[in-house]
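Same chain, two partners: subunit A is paired with subunit B first, then with subunit C.
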Partner chain A sequence: MEDFIYYAFCAMAMLGALGVLMVRGYVNAAMSMLVSMLGVAGLMILMKAYFLGFLMVSVYAGAVLVLFVFVVMLIGDRNDQSALWKKIALLILWVLAGAVVAFFHPDLAKYSAERNAEATSVLSVAKNYGYSLFTTFMLPVQIAGALLLAAMIGVMAVSKSPARKIKNKETL
Partner chain B sequence: MTGVLIMEDSLAKFLFPALMLFATGLLGAMFKRNLIIIFMCVELMLCGAMLAMLAFASEYGDIRGGVFAFFVMTIAAAEVAVGLAIITRLFVVDGTISTKNMNTLGD
Partner chain C sequence: MDAFILNFSNFAILADAAEVAPACPTACEFALNILLKVVFSLVCVVVVMSFAGLSVVAERKVCAYIQGRYGPNRTAIPIVVAIPILGNFLKKNGLMQLVADGLKFLLKEDPLPAHVNKFWYMIAPVMALSPVLIAACVIPFGVYWTDGGVMAPLAVANFDVSLLFALAIGALGVYGAIMAGWSSNSKFPYMGGMRASAQVISYELAMGLSVLSVVLMVGTNANVDSPLSMFEIGKAQSGLWFCITQPVAALIFLIALFAETNRLPFDMAESETDLVSGFHTEYGSFKFGLFFVGEYGHMVVGSSLFITLFLGAWNPFPGFVWPESWGWISSALSLLTFLVKIAAMLFFFIWVRWTLPRFRYDQVMRIGWKAMVPLALLNFVAYLVFVSI
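For the complex of A and B:
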């Protein structure tokens, strides 16, 4: 049963990603990215990283994707005019990439001897993330906060209309 | 031979979809002409990286991989906000978001 769930989420993640490359139109691409994100979230939950799986659904599928769809709304959904042979070429490249990844897959089984016995419990408890974030990773958390602030100010600066500024200068 | 390995080894089991997500994103970022699609592909690449980090974290019982996946999520959110603002601005200025016409610096 778990194998079946694993394969289902795997197929969701990978085929959704392929759909982003293949489908026509931005909204369809965003929806197939949603399928991919949900598949990834499912895989995370299979790894018992429940907290990150939940964050994946709420942050990615909730916020990032809505942002994408919002921008598509501003720009207008127009069809991607790429030719059929190009799509087939991309598909062939994708299959080739999969074959290469599967073929040159490193023999990871030999590293599994060092596997931690209580490996599953560490990621599943949200408390561990909090402890780790506010002790070992205190400085990165601060830097991430500064980065988010800088991004916010940058977005405001970029999306400010320059036309109004020029008009103001003329009136001055 | 590798197929059996992917099914049985729990690390490889989750590393394969991660690598495939990354490969798909890379293909799209290289070959697509549309800025929004390219952006989605970059998101897919970040997702693949996150999944790989979590695979190693859950394999070795180390919380650091999970925390780094957390940070990747932060970076992705900031990147999407800034990138989409730039795309919107570019659309207002240029009237198109195809990379075909973006050769101003190349000329």
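For the complex of A and C:
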């Protein structure tokens, strides 16, 4: 039963990722990404990382992707004009990259119950995330936060050039 | 707690089933388990759906009352109306109108406009309704006591991050509105879908921040090991309710809830005055019915969240809990308390809708980003400081 669910989520994640590359239209691509994210979240939950899995759904599927769709709709959905062979080439490139990773790190590509059991004790308790974020990974988290802040200020500075007047501010 | 293989053993009915089970071989037990899960899920869906249906009637009746009208009181089903007292009661209170409305959704022609993106147009109503019903499975509708005297919730699934589950799955409901607006390929639905997405992003942040202070409050108690569980949060309100100890958080959550459920005064996605009917303008018949039920179902689930977080869950008054010694009467009363609270919340939703005018879109955005988020952040930081002192 658990194996079946595992493969179902795997298929969701993979087909969703495939869809992002192959479908026409940005909104369709975003929806494929949603399927892929839900699949990945499902895999996390299957590994008993409930906190991480639901946080993934909440933050990425529930907020970030909604933002993507909003932006796509704001600038207008256009069909992706790039040729099919380019997409297929890109796909093959990704598959090759995956194969290389799997070749050098066979552990990463292997699903086994023992590894799950090992991870369970750490991942299933939400408290552990807090402890590790504020002890072991304190510096990386702070640096990532500072980077994001800098990026946000940069975007504001770039997008708010005085030359461009914002017309129809309230048309939405 | 094994959350993935949803634990249904916390259902009172299962206690009876378990006594039967040992006589069965393993396969029978397995089948019984699955059957019970299906039955419990169905019960949960029926509760949410019937509340959604009744709130449609309540909406019409309450708005009529507020506007000094009678509301629906004539629709009659031929044979049922002949029943002496019940028939008249159903007729006068518009409950037969509910049946008529439901039949109308089912039996009318199902239009499929030529200009829509057919795949997403067909799927969008399902995307709006299904997350609501999934999220309903973690709501603790009441409590019961196991044979060992341990309190357990009357929920289909009870696990240690159930609050996060409800918020995460509930947030997916907005894709229904977005995809409906986009796939309709028509300007008013398009704007409605866009507004829905912008609104959800703006208010979800405030909602999450307001929930955090409650989680912190529950988590600081040393006896609680999983403060993200809705059951634990409900249990922590045996004394003062969190709407009394966390009034700002409760207010922010309530306002954000109105925005998330697309209710007036935050009715941006389908503001009839400027967008015809918003994201479901192009929909008719049963597909529209699904959106309609989805909206009310979202209200029911949202109300249950608010009740569990701030209004004392299944406890009747602040400082009073249904005593364990009353046994099953107590757990029935806890269930009843929760359902009455849901009904009261639904009335509140309707009351606000017919009292306050709709905000303008830019006002909604301004309130969201310039008032709600900073206020929620301040409240959280203030509480954090208060706790750490």
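Worth pointing out:
Everything below uses one rule, namely that the second predicted complex is superposed on the first by the 124 of 172 C-alpha atoms of A that agree within 3 Å, B and C clash if a C-alpha of one lies under 4 Å from a C-alpha of the other, contacts with A are read in each partner's own complex, and residues count from 1 in each chain.
Note that a residue touches a chain if its C-beta (ideal position, glycine included) is under 8 Å from a C-beta of that chain, and two chains touch if they have at least 3 such contacts.
Bear in mind that the values here come from a model prediction, so they are computed numbers and not experimental data.
Touch criterion met: A:Met33 reaches subunit B, while subunit C stays clear of it.
In the superposition on chain A, A:Gln142 makes contact with neither subunit B nor subunit C.
In the superposition on chain A, contact of A:Met44 is made with subunit B only, not with subunit C. Touch criterion met: A:Tyr129 reaches subunit B, while subunit C stays clear of it.
Using the contact criterion defined above for the overlaid structures, shared-chain residue A:Val69 touches subunit C, although it does not reach subunit B. Shared-chain residue A:Trp94: touches subunit B; no touch with subunit C. Touch criterion met: A:Leu55 reaches subunit B and subunit C at once. Measured by the number of subunit A residues touched, the leading partner among subunit B and subunit C is B.
Overlap of the subunit B and subunit C interfaces on subunit A: residues 46, 48, 51, 55, 63, 67, 74.
Contacts from subunit A toward subunit C in the complex involve residues 2, 27, 31, 34, 45-46, 48, 50-51, 54-55, 57-58, 61-63, 66-67, 69-70, 73-74, 77, 126-127, 169-170, 172.
Within the complex formed with subunit A, the subunit C residues making contact are 3-5, 120, 159-161, 164-165, 167-169, 171-172, 174-175, 178-179, 181-182, 190-191, 193-195, 197-198, 200-201, 204-205, 208, 225-226, 228, 360-362. Of all the residues in subunit A, the ones that touch subunit B in their complex are 3, 6, 10, 13-14, 17-18, 20-21, 26, 29-30, 33, 36-37, 39-40, 43-44, 46-49, 51-52, 55-56, 59-60, 63-64, 67-68, 71-72, 74-75, 80, 82, 86, 90, 93-94, 97-98, 101-103, 105, 107-109, 111-112, 114-123, 128-129, 132-133, 136-137, 140, 144, 147-148, 151-152, 154-155, 158-159. Within the complex formed with subunit A, the subunit B residues making contact are 2-3, 5-17, 19-21, 23-25, 27-28, 31-34, 36-37, 39-41, 43-44, 47, 50-51, 54-55, 57-64, 66-67, 69-71, 73-82, 84-89, 91, 97.
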